[in-house]
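Shared between the two complexes below is chain A, which pairs with chain B and chain C, respectively.
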Partner chain A sequence: MQSLGVEVLFEGSNFERLLGGLGVTITIAFSSIIFSTLSGGIMGLLRTSAPAIIRLLLRVYLEMFRIIPILVWLWVVHFGLTPALQIEVSGEFTSIVVFSLWGAAEVGDLVRGALESLPRHQVETGKALGFSYMQLYRYILIPQAVRRVLPGMINLATRMIKTTSLVVLIGVIEVVKIGQQIIEIGVIKAPNASFWVYGFIFILYFIICYPLSRLAKKYELKWHSL
Partner chain B sequence: MQLDFDFMKRSLPLYYEAMCLTLQLAGLSIVCSLFVGLILSIALHFKWKGISLIIQAYIELSRNTPLLVQLYFLYYGLPKIGLPLSEMSCAIIGLTFLGGSYMTEAFRSGFESVGRIQLESGLSIGLSRAQLIRHVILPQAFSTSIPSLSANAIFLLKETSIVGAISLMDLMNVAKDLIGMEYKSTEALLLLVLAYLILLLPLSMGLTWLERRIRFAEFGR
Partner chain C sequence: MEHSENILLEVKGLEKYYGDTPVLRQINLTVHKGEVVVVLGPSGCGKSTLLRCMNGLEEIQHGDISYQGHSLTKGKTVWREIRQHIGMVFQNYELFPHLTVMDNILLGPLKVQRREKQEARAHAEELLTRVGLLNRKSAYPRELSGGQKQRIAIVRALCMKPEMMLFDEVTASLDPEMVREVLDVILGLARQGMTMIIVTHEMGFARSVGDRIVFMDQGFICEETTPELFFTNPTTERAKQFLDIFQY
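Showing the complex of A and B:
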């Protein structure tokens, strides 16, 4: 009987290697999420309270990432910017930089949306009670904004994890690349490998992203009613 | 830094061709996913027995996996089990698989905005299911869904940048080849960014305009 070919996933250290590749993917995604949360929070505050010119610049910055595909940004930085500056950085570094810049813009927009959605009278009440701006943000605005931002943030994290699959195209050795290597090595012995390997990677991504989107939906429903 | 304008002029036809391909791909997959989304959301809304669960599973699968892996699976994986597909059909199927679920969600939120009472009054004055959908639900649902539908259209057009990975000569691949052959990365990448701006800026502005028009139609009648 002809074998199905699914064994290729478990041959030698293939399984561990695929999971190791997934580790690279997750490292890139999570470092970018952390960086973009930090800088996006500041950006969101600036977009609600900074002078008009800074707000405009930040808006343009966001639109640039919204309009040009992320893959194009990856290429511009990897094949254009770093050679032009004559610095040599790894593909991982480039992708973390690009994803963090993109994420900062998106998180900034989420935070701005959340802060603006808070009723105006809360600010006024706070001021009337003699809160300083620091106190206003610290005790009134930020705690509420965090709740409203959270579902969007989780969704963004899912999107980022999915988008990290693109980094294979600038030569990072992550899960898709390792899959390709396994397929190439086994081209004679396991001709069906590409079906199983890509199918497996497909499922891996699903296993990571699905719980996150469920979580986002849960929070959305929970805090929607408040 | 000195830009090589001669080189840029020479490579314009290549970019033009690639832009046509990108537009063609995006257009086809947007239309297909609108169609898929409409059908599936109607099925979900009226809770057609048996398939609701399958549709839900499809939506979760397509929303929680990256397009690149979907495309690789379609292009390299499926031929192994006897389903060879051309690059173009792979790309359109992949983009529709992705876009279909996003469009379904967009339509569904539109449907949900149409009040229950309207369905009931429609049924009680003797409209058939089809008439109800055609004359009562769709016109209202459509205008509520327009913002998310147009966001999805832009999203799909941007996602076409990935099809270069399955060796279609799209904008990304043209730029990559030019960088590889002529080492003019600055010029090639500049043209790449410009090409996407030319494609996406008018679309995004046009759709914003459309949204505003439709909102007027809703409130200002």
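Showing the complex of A and C:
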């Protein structure tokens, strides 16, 4: 009798290995999201208030990440830049660096957009009350910008989580790669292995990303009037 | 100037340009303590700009503004200090949308003036009571009507304990039935002796609240007189034409 194939998920340590792979995915994604948020926040502030030349450079930086595919960035840094500089770093580390750089550019743009969308009167009203520029940003502009930026940030976070599946191409063993390995071995006994393994990975991604989507939706509704 | 010790704000020979376009020309204006000066004039005559010059929101090219005898244009002026003495309320009632009414009012007193929270809160509640909005202190701006927002904006400025208030067309974007409630608040302030400069298009209000009317056109002050004389017997042709628009 031909097996269903679902047992391939629980054979040996397959289940633990898949979860381990998911751990790699999560590590890369969430480290990058945290770094992006911090540096992107600063970048957004600079893009609205720094001298023109710095604003231009940051703009160019953003466009470079928008125009050039992330996969190419991963290759350039992993197979080109780090060997050329004779630095030895893991693929995982390279991934976090590239994803953080990309995320920072995108977060910076979201923050810039949010700050620029605030009515100019808010600044004048604040000034007329005697606020310094620091106080204006701290108490009036940034709190409002955060509310406007959050839905976009959460969407970006889900995009980053999904895009981590590319890191397999610079040799990082994450959840999709482990899935492939399991299928390669399991397919001999169970021809349906790929259905179950990929199906399981599908569910894993869904479990991470869906709550974020819901969160974005919730904040959009809650704050859309601001 | 017999009451020179009573002069709060003095503008001398003020000129302002946007590029090459003059917007304010040869402006001389003296405001005494407790006085209510109403500035009238057609749209684009420079009245709002004049007000904005007085608390440093606009730069001036020539002339001088002095406050309590200190020049604000010569040397280094810390506008953040001055703005705590000269409160301003704008046409667009910009409350901070992410803060409740109470937090809107307290932000300045607590963060800029670093006042005691208890004292500032008591002060805010007293002012809110005066404008009849104490029951809305926990509301967010989006839950308020335009007239309520504008009254809160006035309270927010007053809670900084200013010695003088600038009102820039504060009823211009309100529905007609809400104009009254805002004007009543300003009238109340006038009775308490607050020094004010008011830019408005409400002629009846100008007449009843003003100690003095300043009529501007094309960047000049054309006429400066009592409300009685201005509305019954304006001397300049421009002022006559302007007042005719309001007669049906």
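What we mean here is this: the second predicted complex is superposed on the first by the 223 of 226 C-alpha atoms of A that agree within 3 Å, B and C clash if a C-alpha of one lies under 4 Å from a C-alpha of the other, contacts with A are read in each partner's own complex, and residues count from 1 in each chain.
The definition used in the following text is that contacts are C-beta pairs under 8 Å (C-beta built on N, C-alpha and C of every residue); 3 or more make two chains touch, one makes a residue touch a chain.
Just so we're clear, the structure is a prediction, and the values are computed from it rather than from any experiment.
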Greater chain A contact set [chain C / chain B]: B
Contacts of A:Asn192 with chain B and chain C, given as first, second, both or neither: first
First, second, both or neither for A:Gly80, with chain B first and chain C second: first
Touched partner set for A:Leu166, first chain B, second chain C, both or neither: first
Partner chain in contact with A:Gly130 - chain B first, chain C second, else both or neither: second
Where chain A meets both chain C and chain B, residue numbers: none
Chain B residues within the chain A interface of the complex: 1, 60-61, 63-70, 72-73, 76-78, 80-81, 158-159, 161-162, 164-165, 172, 175-176, 179, 185-186, 189, 192-193, 196-197, 200-201, 204
Interfacial residue positions of chain A with respect to chain C in the complex: 119, 121-122, 124-125, 127-132, 135, 139-140, 143-144, 147, 225-226
Chain A-facing residues of chain C, complex: 55, 57, 79-81, 83-84, 87-88, 90, 92, 94, 96-98, 107-108, 111-113, 142, 153, 156-157, 160
Contact set on chain A toward chain B in their complex: 5, 67-69, 71-72, 75-76, 79-80, 83-84, 158, 162-166, 168-169, 176, 183, 191-199, 201-202, 205-206, 209-210, 213
